[in-house]
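Sharing a structure below in structure tokens format, with a few things to ask.
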Amino acid sequence: MHYVEIVAMLVVVQYLFFIYQVGRARGRYGVKAPAVTGHERFERAYRVQMNTLELMVALLPALFVAARFWPATWVAAIGVVYLIGRFIYWRAYISAPSSRGLGFGLSMLPVMALLTMALAGAVLR
Amino acid sequence: MHYVEIVAMLVVVQYLFFIYQVGRARGRYGVKAPAVTGHERFERAYRVQMNTLELMVALLPALFVAARFWPATWVAAIGVVYLIGRFIYWRAYISAPSSRGLGFGLSMLPVMALLTMALAGAVLR
Amino acid sequence: MHYVEIVAMLVVVQYLFFIYQVGRARGRYGVKAPAVTGHERFERAYRVQMNTLELMVALLPALFVAARFWPATWVAAIGVVYLIGRFIYWRAYISAPSSRGLGFGLSMLPVMALLTMALAGAVLR
């Protein structure tokens, strides 16, 4: 089992799930492409996707670089915290954007942790 | 010849080409930064760039992870389908956003395929 | 010292710094999520983050692939030019979007250079 690769791919799967939710919201609330505004519910789903994209492009490089210097199980475990954090973020943002703090923190902290580990590994080893 | 790396870099080149198209549309239709709305034609070019960005961040990790477990020629060939799909998507979206289905499907399917191969490889090997 | 990995992680750190600036601008100019428009100053900070995201997803794959074929110090040095270019871009865009040319060029050229090196390496070696 290649834990880091599995977690990395689950991060991508979760992101594609959020993209799928945006497509559904586009149909349900009648927001035609190329518009990305027009209905609050659509905009929430779109912001979850965009925010996840914004964070994922930081997480994945940090995850792979950290895995060059640290045990795969540690790195994968931190990636799992990100996955849970993003799931909480999505649930919260959809129902009330102002309640997104916990989920955001739980997905941002793993990015910071992996980035620190990757930098420390690249400098010291 | 490193086929996977070549295809990965062509994916990036194609994406930069779409960014260049947005820059041209910005000038041609008089949409000044930081605005990203204001003219339908500009918005279409911008949505092609954004949608390609959104998909590319899923494709590239899946491509590189799949290449750790599967023959490079298979992985590269699936990447080429993505490149063709994105090209069709761009041509269709620019002329009529509602006709973007085929190109979208042809570029989304390779992402799904590579993701499945990467996950299967990471779990089973 | 793993120079390429260090530069890659600094690219991510700089990007997270731009995200942090957007969060601050959101509070300061009263732009509530999920809105991403409403105040010129907020929109400038947001465009810097988005443009950096747009370029970083091209830079990082090109950086890592180039590093498979070329000396790490060369690849890392080109990455440092990108970092400086992005910093200039941020300073310029915040004060006057129309003055963003130099910073944009200095961060786009390294992407082109690394992409060319990566493609040349993948084809010839």
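A, B and C label the chains in the order they appear, each numbered from 1.
We take it that contacts are C-beta pairs under 8 Å (C-beta built on N, C-alpha and C of every residue); 3 or more make two chains touch, one makes a residue touch a chain.
Going by UniProt, the chains are A, B, C = Membrane protein.
No experiment lies behind these values; they were computed from the predicted model shown.
*Asks:* Give me the C-alpha superposition rotation for subunit B onto subunit C, in degrees, nearest 5.
*Replies:* The best-fit rotation has an angle of 120 degrees.
*Asks:* Would the interface of subunit A with subunit B count as same or different, where same needs over half of all numbers used to appear in both copies?
*Replies:* different
*Asks:* Please report how many Å separate the Cα centroid of subunit A from that of subunit B, as a whole number.
*Replies:* 20
*Asks:* Please list all residues of subunit B that touch 2 or more other chains.
*Replies:* Those would be 53, 57.
*Asks:* What residues on subunit A touch subunit B, complex-wise?
*Replies:* 1-2, 5-6, 8-10, 12-13, 15-16, 19, 32-36, 49, 53, 56-57, 60
*Asks:* Of all residues in subunit B, which touch subunit A in the complex?
*Replies:* 40, 43-44, 46-47, 53-54, 57-58, 61-62, 65, 68, 93, 97-98, 100, 111-112, 115, 118-119, 121-123, 125
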